[in-house]
Structure formats: C-alpha cells, structure tokens
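You will see chain A twice below: alongside chain B first, and alongside chain C after that.
Up next is the complex of A and B:
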C-alpha cells in the first residue's frame, strides 16, 4: 500500500497534520496505537501561559514574537510566530466545521477553572468552559453554584471552592455547592458510585433524562446565575443538549475539567477524526508502527505490529507519537530512546538529572523537555547521524519545551503538526 | 497546654511500641502511646516483612534464631490475618560456597527449625520462576508479615481496651523530676498543640531515634545506624520467600507480599545525624537488581514500582562507645539501674518478628516497677481481625451481591473485622482505589477507627495508592473523602494531597525509568497540568483541626 503521506500517531498533532494534508487532496493514512493525550487533557488548548519566571502571560502572540528570537530550538521557533498563529486559527476553523466552537479572548489568554479551583491561562476553550456570557455574568459578580452528582467519586466541589474563594478574581462572588442525584438509568448491576465521566456523559446524551435533570439542577442551584458542573455533559449530543439544558433551567451551565477520561478532550478527538475521515483520510486504529526502512536520506516504508510483515510506503512520513506517556519516547535504566526508528534524542545521560528533587518543583521536571532532536525543517537524524529528509517530527515528541511549565502543550502539538503539513506541501509543489 | 496523667507512657508507634501498648492494656494498665509521625512509619514500615523462621540467623546467631522460630509459631496463631504462611526456600547458586548448605541444616537442627532438603526439580515445581541453575534447595517455615496491618491491629486492640493514642505528636523532651523521668512534653505536629503527659513509667520504644530522645533526659544511648534498601517489583514473581543459601550479604532475598514482590537488601553505615535524610543510591539499585536476577531471572524484565530504605537500629549495650559491643539482639534497658534515672526503660533492637517478645519484656519490667498489672497474655490472645479463622468461601456467600474481589481484598486486609467494614450498600463497596480494591467503606472505617490523619496514613492502613499506578486517581478521591467524612477541612485535604504526592515521589524517583517514568509524566500532568496543585497557596500551616 502506498500513500502520499503516512502519519504515525493519531493524537492532536498527527490529526491536525492529517487534516491539513487531506484537505489538499493528498492520500493520507494515520496509524495510531490507542488513546492519545487528548483523552486525558483539560480540553483547552494552551498556547503560552507562563513566562520563564512562572508569571502569567496575558498576550501570548505578542510574547511569542520576542520569545522565538531568543529560544531558537523551541518548537514555536521552528514554526515561526506567524505560522503558529495561522495554525491555531486554522485549527479552530476545522473544529468549527465539526460543530465544536472554541472560544478565544481575542489576542489574549483567558483563565479556565481547574478541578481544584486554581486558574490556568489558556488560549482556546470550548464554549461550555468559557464564553462572553460567562465573562459578563462573572463581571457582574453573579452567584455561582458548583453542582455534582451525589456519589460521583471523581469530583469534589469543596476542594475547588476553597481555592476559588481565595482568588482575588472571585472576591465578592458568592459560591455555593449543591448535589443532584442520578436519574434512574442504566444497568442495575453496575454500581453508580463507580461511574466515570463517560458513563455520566451517556446520561446527558440521552434526551429523555434532560427535563428531570434540569429540574434538579435548577433546584440545587437555588438562585445562582451559573451552575458549574464537572465536564461530563455529553459527547455526541453535547451541543444541542447543553443548549436545551440552559433553556430549561434558565442558568448558564458551564463545565470544569475533572479526572480522566476527559470528556472535553474526547469531543475534540471525535471532531478531528470525523473531519479527517470526511476529507478521505484513512485512520488505522489499534495498530503500532514497529520499525521502518531508511535508505539514504529517506524513510521508504514502515511496518506495523498487525501488518503481517507488509510495509506501508509513502512519499513522506510524520512521526507524532507523543512523549513517554504515549510511547513516543521510552526510557531505560540509563538512557532515553525513540523506539520506532531509534532516532537521535535529546536527554541527559545521568538519570539523577532527569527529574527535580520535589514532585512539585518550581523549575519543572527536565524529562518533560526531552525528545527527538530535529533541524528547523522538523527532520530528525538517525542514531548514526544521518538526516531523514522526508520524515517530520511533531507534537509532544519534540524536545526543548516544557508543556506544563510553559502552558504550551496543545499549542505546540497543533502548530508543529500544521507546520509539518506545510513543509510537506511546499516540498511537493 | 493540655495535661494528661496516666499509668504508663509508650514512646514510638512502631511494632515494638504498639505491641507494648497492647500488652500493658491487656494487663489492665492504663497507657498512652505517642508517635511523632504515623503508626508503622519508622523502621517497622521499612523492611521486608519477612516472617523469619530463624534460618537466616541459625549459623551466626543461634539465640536470635531460637527467638524467631518461637515467635513465628505464636504469630501464626495470634496474627493470622497479617501473615501469609508461604514457606521459604534457601537455594544455592553455582557460584556459592556449597558447604553453607550443610552448615545451615545442622544449625537449624540446633535451633529447632524444621529444615528439609528438597530436590532441585521439586523446588522449580514450587517456584517456577526460580533460576533453573540452582544446585540445591532447602525448605524452611519462613512466611511474610504485613507490618502495617500488624501494628495497626495492636493499636486497635489497645484502644478498644482503653488505651489512648496520639499520632503525629512528637515527644520533644523527657521531663525529669529529680532522679526520675516523670513525664513527656509533646507537640502535635499538625495542629501545633502542646501536651504534657505524666506517668509512673515511660517506655522508650522509639527505635533508632532513641539516642536523640534519651539525650533529652540526660542519658547516653549509642546507636549504630545501618541502612538497608529494598525494591518493589510490580508483579508477584514468587510465592515462597526465596533466600540465597550463603553467608548473609547484599541482595540475597526475594519476598512476596500481596500483589508484589520485594528484593532485599543492602547494608550501608550511615551517620547518626543523617538518619532522617537517607535515600536509596543508584549503586544499591544496581546491586539489588543484579543479585535479584540471579535468584529469579525474570526480575530483569519486571517493572520496579518503588525503592525505599530503612535503618537498622543497632545499639551499644553497655556504656561502651566504640561499637565493639553492638548487639543485634533484643536490648532492654532499665535506666534506673544503668543510669540512675528512675521511671524510664528502653526497649530496642530485635526484629519485627520479635516485637511481641520485646513488648512482653518491656511490659514485665514496667509492671514490676509500677507494682501493678497482670501476667502477659499476648501470646495467646488473638489480635483484632484474627479472632477466628475466616473462610473465604463463606464470606463471599455472606456478602452475596458484593463483587468477590472486593470481599477477598477486604478479608485479606482486615480478617474477621470485615464485618465492621463491608455492607451490602452500593456506596459502601464502591471502589476508590482500583489497583488494590479499596472501597469507600474501607476508607470510612479507617478514617473513623484506625487513627488516620492524612492520605499517607490511609495508605498504610488500606494499601490505597500502593498498586501499579501509585495513586494516580485515588489520591484525589481520598482527599475528597476526608472532607466528606469530616476528617479534614478542604484546605487540609488539598494540603495532604500535596504531601501524599511528595511522599510517593520519594519512593519513585530512585527508580524513575521505564513505566515508572511514564506513570509519573501522567501523574504530573494530572496534578500540575490539570489541577494546578503546585500553585495552591495554603492558609497558615498550623490551622486548627
């Protein structure tokens, strides 16, 4: 089988790249082992949240204009500030086509509320997490009710409210907590005290429970203008049902990310896959690329676990296999390696330097900055130093940035995925 | 400041202190236990959990061997829910001195330890992962003992018989009244509250920390701390304790426990000033993996979950300070005789294995001094949870409707007390920690009955967060339950979440490669990336509880 492009890894980065390529009519296949980081993420796309001193960045593009100059190896520098912007708005446009509206506060970051009631600067959020109405109600200091299902073990509003109340932004805003109970739902054999966000999303995706839930929510909110709920308000029918719920209750209902699995992330994952498929892309799920054959400066083909030895060849390849978490990087007793093609990796030879002494360090953990080293065209080198010119590395696999310390994970995945597509398209024309 | 009067004070909530508290309570003596951190957080919670048959000591130290086998038999009766009667093997590798094998058989005979020679084939049948190259194998009645459960059961029994327990409370000074030790001044480390407690007798069971504590009463007690490190492997790769048949040295034992196996240990001298800062070194990890692999080759492919270390409290018996007269056995000191300070005794040394005997010795002396108390009964009174042998099949039937795996785990951890924990109510048996099958009901029970003050304590009582994921999701859930069951304020809960993750980090970072690194990346994404926990600013530390 031969494609124009084969993308290894179907997370945020690989799919963004795949959509951009498929859109031009190229034949593209994405091969992906399993769940991506999106299934665990907050579902907001961070662009740049904190500067080197850990202070909040308010206007990320302005910040980037300077930043890329002094950090030439950073993935954003490899893309260029202009293309980072292009990529992000391209991404928003694609999700829009799939019915997921991302909110951005013009050129500025906005804050989203975390599970523990801290605030995180981010660039895009789904409209159920942040939008203009929420901002207005917030500015008017309207009362907030943090609601939860009785017995839902993955969210404890009390642990969030204490931190919100302490935040200057929430000063003089009354925050109450309240409980609602599960409608009579599902399999009586299952224990509702073990429901996860996906189980509850199924309840909200079912129309006939909505009215009952609306009554409960309105009562529990006892006069608040907002109801904040854990992010589990449905996946497939989310948009329609969220609107309906707001109409039925007369409340602004917004979502707070909670323990994985991330419903907010799954919505994005579904949308990207659906968009990719509608453009004719081929998504091969549940298979793992185990190796490839490189001749000269080109990767000719790759083989997969389930491929029975037959190779997939393509004009170009994208490696978007993520960080350690997704298996894009592997660590051993005393080294870090890239498992598919044994590409050259940036890391530290001394294991004791991979991490900080505290779990919550000020300066972040170094291992988050490891990854496959590339040139400015995102081309990596093999272990023996040969450049592979038709292979592009993107996303969490890349080194020289710290997604958590900077608050840049989603943005890097999107913009480097997009960048790889542009480079491939450039090369073809 | 609070002031309390009682008959006896026990300092230290390790197995020895907990055992002494229980012994005194069984004799009808009113006693108070003070522990600076949590029950079993000292050396008691940092060893192999080997229920020695005594074979390990038979060749070098016959007296210890005899104590071990006698306590081994007693503990199997009174602490059955804390013990797995796995049996143990001593195997000789091609590189080992073959004569040790014969010596061991002979000395086990002197000590009264059953030690049978079994064929290599038979040994491999019992323990299929064993190195097939072994030359010979001996079978001994080794087993495993869960130190957390054991200590907690001792404390629980004592409390049910009227004793009081203060955890996270440090004895800052032993108060003198002329030539007597009259009481202790303590401070609650979580609330900052000061407490003075007075009693007729003080038992110092503070392990390796005893040197510091005695100094506060003007008494010199010299410890010779020696560090031992251990690794926990993600799977239970053996069912019996596997010992190397040679003169004791580094990395010669693999002990199974619950769902994991444990490789031990090393021996390194440490400065007394550094006993609270010790960590596992890279060369120790390499040694343990290398020697572990020789006993069970699949060690090389297994994932290491955590590394940890403990300090052996070896003690100088007489006033002698040059270390020649260090005892490896049990040391009971009557400070009235030795130092002319009345009202104070020290019990130290020994083993986890011999905690009950040590407690008996300490309580005998304490009672003699108090001129009160009955005879010791701990050798025949089962601990709570071990009252009766519980039958798994019958329990599963009794709790029909609750998943068998939940009944099994609860039974395994709490024995007969399962009936105080499980109810046929969905909230009660909903799982909070999926790796170790810990239910909300078990957590509620621990919060209310087992002196739990934070999530780290909770882990020791229930095994929450001890499995392969090391508390990825359940730590947050546990923090939420502290609030739900009124055991902490929201702020305290968030703070204990930080403390739990930092504590867990200590055990993980020495073995941060492979899946451990993967899990840590995930955990850090959740707690910092998603939750922003590292950014939370807490109110004044010493808030009132």
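Up next is the complex of A and C:
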C-alpha cells in the first residue's frame, strides 16, 4: 500500500496532522495501537499553564512570545509562537465543523475544576466547562451546587468542595453538595463496579430521563446558579442535552472531567476521527507499527503487526506515538529507547536521575522531558546519527518540555502536529 | 500454574477503555464488560475457579476490546479461554449442533431441499425454540445441494494448469451453503491468471471454540495446518480464505487461543482481499465492467481486528460504477452462533440495532460484507440483500447480474 503520508499514532497530534494533510487532498493513513490518550484527558486544551517558578500563566500567548526566545529547543520554539496560535485556532475551527465548540477567555487562560476540586489553567474548553455566562456568574459569586449520581464511585463532591473552599478564588462563594438518583438505577446495580462515566453518559444519550433528571437537579441544587456534575452529559448528543438541561432547570450546568474513560476527551476523539474520515483519511485501529526501512535520508516504508509482511510506503511519515504511557518511548533498566525505528533519544544514562524523589516535585520529573531529539524541522536522527528527512516527530514523543509542569501537553500536541503538516505541504509545493 | 504467556492481564491499567468500545456492554448491563470479565477477574479465577462469574458468557469474542486496548492486553482471549477452562462442558444438543458445522453440513447437503423446507415451517421453529432454545425469529442459512468440494473436483485439472496458483480454504459456509461464493473466488483469481487449489480438511474451529469444544477445535486445527501447509509447500503458493472469521482463526486463534504452532502456514496466510489488492497494486488488474449499484460496506469485527478492512475497501473502489458508502464500524451482533441462542438473541439484536439504523440511512441497493454470519444477521434484520466483496468483483469481471 502506498499513501502520500503515513502517520504513526492516532492521538491528538497525529489526528490534527492527518486532518490538515487530508484537507489538501493528500492520501493519509493513521495507524493506532489502541485508543489514544484523549480518553485519559480533561477534554480541555492547555496551552501554557505555569511558568518556570510554578506560578500560573495568565496570558499564555504573551508569555510564549518571550519564552520561545530563551528556550530554543522547546517544541513551541520549533513551531514559532505565530504558528502555535495558527495551529490552535485551526484546531478549534476543525472541531467546530464537527459540532464541538471550544471556548477561550480571549487572550487569557481560564480554569477548569478537577474531580478533586483543584483548578487547572487551560486555554480551550467545551461549552459546559467554560463560556461567557459561566464567567459572569462566577464573577458575581453565585452559589454553586456540586452534585453526584448515587452509585458513581469516581467523584466525591464533599472532597472536591473542601479543596475548592481552600482556594482564594472561591472565597465568599457558597458551595453546597447534593445527589441525584438515576431513575434506572436498579439495572446497573448488578455490576456496581462498572457504574462508570460511560455507562451514565449512555443513559443520557437515550434522552429518556432528561425531564425527570432536570427536576432532581433543580431540587438538589436548591437555589444555586450552577449545578456542577461529573461529565456525563452524553457522548453523541451532549450539546443538545446540555442545552435542554439548562433550559429545564434554569441553571448553568457545569461538567467536571472524570477519571478515565473521560467523556469530555472522548468527544474530541470522536470529532477528530469523524473529521479525518470525512476528508477521506484512512484510520487503521488496533495495529502496531513494528519497524521500517530507511535508505539514505528517507524512510521508505513501515511494517505492522497485522500487515503480514506487506509494507506501507509513503512520501512522508509522521511519528506521533506519544510518550512512555502510549508506548512511544520505552524505558529499559539503563536506557530510554524509541521502539519503532530506534531513533536518537534525549535522556540521561543514569537511571537515578530520571525521576525526583517526591511524587509531585516542583521542578517536575526529568523523564517527562525525555524524547526523540529532532532538528528545527522536526526531523529525527537514527541511532547511528543519520538524519531522516521525510520523517517528522510530533506530540508527547518530543523532548525538552514537561507537559505536567508547564500545563502544555494539549497545545504541544496540536501545534507540532500542525507544524509537521505544514512542513510536509511546504516540501511538496 | 500460571504460564508466562498468559499473564497479559497484568498489563491492564484499569482504564476501562475496552468497556467503552464493547458492543455487548453497551447493549446490556448483565455483561460487566471486558475489563471486569477479563483481566480483573482472571486473577481471581487463577486463585480459585469457584470465583468464576457466569456473566462472562455474554462475551461474543468480537475482539473490539483488543482493538481499543492501549496496553496490548489480549482481553477477549482471556475471556474466551476462561469459558472453556473453567465452565463445565455444555451437554446441550443445540450447542453440539451449532458447533459442528461441518458434520451438520455434510448431512444436510444430502437432503438440502428437505432440510431447507422443514427448517422454515412454523411448527418446526416452535419446536426448536421450545426444546432446543433456538429462537423462532432466527432465520437459518440455506443448505446447498452437494458440496463445493464435489464441484471443484470436476474442475481441478483446469485449475492446476495455471502457472501461478493459490491455495484456497473455502470453509463450511462455502462448502455446504454457498457454492456460488467459492465459484466467484475461482472466477476472480482465474481472471488474474491464478489457479485455485482448494484445500479443505475440517471446519476452521470458530464455532467449536465459541461453544467450548476445544479438544475438537485443536484436532481440526492441527489437521488444517498440516493439509494447508502441504498444499502450499507443493506449489509455494499463498493460502487464502474468503471468510474473515476463518482467516482470523487460522492465523490468530490457532496461535493465541488454541496455543498451537501454526508457523508452517502463518506467513503464507492472507485474507482474500489483501491477496487481490496486493496484486492489483502490482498491475495485475483484470478488466472490470461497471457495476451500477448503490452499495453500503459493513466491516466485520474479525476483519477489523486483523487489520484487513482497507484492502477490501480499496478493491471495491476499483469497481467502476459502484457507488460505495463505508458504514461506521459497528458489530452486527450475531457473533457466529451467539445469535442462534435464545438466551442471547435479544442482546444480539440490540448490539446490531445501531448498524441496522446506519444501513437504512445509507439506503443502499445492496450491502457488502466479508463475513457470512454478518450477512445472515443483516439479511434477517433489514430488508437489504448482502453480498461478499469477491462476488461483487466477480460480477464486475464476468458482467453477470448482481
């Protein structure tokens, strides 16, 4: 099989790149081992949340303008601040076409609430997490009701509220807790351990109980302006449910991202896949690229586990396989390795320096900054030092940035994916 | 004792993504989902078989959990092997009949007219429903007269005359029910100057595995591996199958589930559209006549798992005039013999409901799919006729009516 471009890795970065390329009429295949890290994400897109001292960044683009100058190896510097902006707003436009509206607080970050009641700075969120009305109601210090569904084990509103009350932003805001009982609770009770976000989201998608739930939510919220609930409002029809529930209750319905599987993240995953498919992209799920053949400065083809020896060749390739969690990087006892092509990796030979002794170190764990070393064109080198000019590395696979410490994972994935597509298109024209 | 190759459940990080993509968990809360039935409770079963939970029987072995798993856990294999490792063997006559497709086929094809007539009679259906717990709503595939092998014997000499040949494993469905599909395989390959050597020893084992007849499945598998390897060795040919589930079994279930060594055939095995597509790409493209039809393509679960869907799509795209809609990948629900069991019938239809809706929205003149049991399910549950991609390609070659 031959494609114009083969993208290895079907997450946020790979799909952003795939959509940009497929949009130009190129034939693109994305190969993905299992479902992507979007299923574990908040469903908001972070750009830059914390500076080097760990303080919150309020205006991320302004921050970036200076930051890229003094951090030339950072993935954002490889893209350039201007293209980071272009990439993020391109991404928003593509999701818009699939019915997901992303909201930003103009040039500023906004916060989303976590299951534990902490706040995370982020740039884009879905309507149920951030919009103008939510901002205004919050500024007015309106009362908040944190609600849970009885039997749902992955959210404890009481715990979340303790943490929220500690936060200076929530001073003088009244927060109450309450619970809602699913009208159909008798059925899933047989397997209470599997009463997870997706089970509830599916019941929402049937729309059978919306009116009944609205009454319960209104009662449990007793006078609050917000009803904050775990993100369950459905996977396919969430926009409609959100609107209906807000109308029926007269409340602002706020979604808190849950433990995996994250419904907010899955919505983005679905939208990206659907957009990619509608542009004629081929998404090969459940297969793993096991190696490739490089001749000279070019990667000619790759082989997969299911391919039965037949190779996939392409004019250009993108490696967007993620970091350790997604298998893009593998740690052995005394070395970090890139498993597909054994590319040159930035890491530390001394294992004891890979991590900090604390679980949440202020400076972050060094291993999070390891990855495949590239030049400014995102081209990596092979283990023996040869540059591969038609292979572009993007997303969490890249080194010299720390997505946790910086709060920059989503933005780096989107902008380097977009950057790779632009480089490929430039090369072709 | 824990064998090293069977501890992939330890790689499970409990992310529950498999359960999100499980068609059965979506259809019924009686199935706790692949994570719980597979890796979660496997460690309990290893400790004590008494901790076995019956609910894992709801698993259809569609393998969609394995496609979704980011940690490469062989979830469906774990559940499937638990079914026969820990449950008592089913003594139900129904399960015996459903499992032994080749035995049933060789008897039924001798009196196919009679069998096809009787199986449709309402009193017979009622009888099967009451005493065999085969739901009366379920439609059975028709049996053919005689076997495909008998037809092939008459044509063997001309097939052996081709310089290039491929070994073809027809499977029970072609041998006993649908000779035409087998003939279509011959038409297509002959048009590409490739002769067809039919090698068919025994049922591939899919229904035996599903119904817990593991010893029988292993015996069949060994016979098939040996006979296919011998046929392929003779001519250095590729081994092909036009049934996605037979292909999947020969290649992956033999190795992963039955724990047999199939390396003698592993590298030469191809699902037919991969074989055809690769030759198309090398320029061996027969002259194709237009097939002016609006078609919807449904990708079967096991072909999804094998990663062969793109080949079928690319082959279909070559057919001039074919107006093709690719349906969103959904399980049809039948899962081989699963949908023939009264206790699972409702779940089976509920799993398929989403696909049926999508087909109706596409409003095709025909549906195309690679799997025979998907075909039965869709033909029973929607008003549309279902054909195999090779059949569509064969009509494009011979200009016959579809």
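Simple rule for what comes next: the second predicted complex is superposed on the first by the 420 of 429 C-alpha atoms of A that agree within 3 Å, B and C clash if a C-alpha of one lies under 4 Å from a C-alpha of the other, contacts with A are read in each partner's own complex, and residues count from 1 in each chain.
Throughout what follows, a residue touches a chain if its C-beta (ideal position, glycine included) is under 8 Å from a C-beta of that chain, and two chains touch if they have at least 3 such contacts.
Model, not experiment: these values are computed from the prediction.
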Per residue count on chain A, the busier partner among chain B and chain C is B
Which partner does A:366 reach: the first (chain B), the second (chain C), both, or neither? neither
Classify the contacts of A:40 with the two partner chains as first (chain B alone), second (chain C alone), both, or neither. both
One more residue to check, A:287. First (chain B), second (chain C), both or neither? second
Per the contact definition in the header, classify A:351: touching chain B only (first), chain C only (second), both, or neither. first
Touching partner for A:260 - first (chain B), second (chain C), both, neither: both
Look at A:120 in the shared chain and tell me whether it touches chain B only, chain C only, both, or neither; answer first, second, both or neither. first
Touch check for A:324: first (chain B), second (chain C), both, or neither? first
Contacts for A:202 in the overlay, against chain B (first) and chain C (second): which applies, first, second, both or neither? second
Could you look at A:161 and tell me whether it touches chain B, chain C, both or neither (first, second, both, neither)? first
Output the chain A positions appearing in both contact lists, the one against chain B and the one against chain C. 37, 40, 191, 193-194, 260, 325
For chain A, which residues are in contact with chain C within the complex? 1-2, 29, 33-37, 39-40, 187-188, 190-191, 193-194, 196, 198-199, 202, 260-261, 266, 282, 284-288, 304-310, 325-327
Name, in rising order, each residue of chain C that touches chain A in their complex. 15-17, 19-21, 25-26, 29-30, 32-33, 35-36, 55, 66-72, 267, 269-270, 274, 277-278, 281, 304-308, 310, 314
Can you list the chain B residues touching chain A in their complex? 282, 426-427, 429-432, 440, 473, 476-477, 479-480, 483-484, 489-491, 493-494, 498, 501-502, 504-505, 509, 512-514, 517-518, 520-522, 524-537
How about chain A: which of its residues touch chain B in the complex? 37, 40-42, 114-116, 118-120, 151, 153-156, 158-159, 161-163, 166, 191-194, 257, 259-260, 323-325, 330-334, 351-352, 354-355, 357-360, 365, 367-368, 403-404, 409
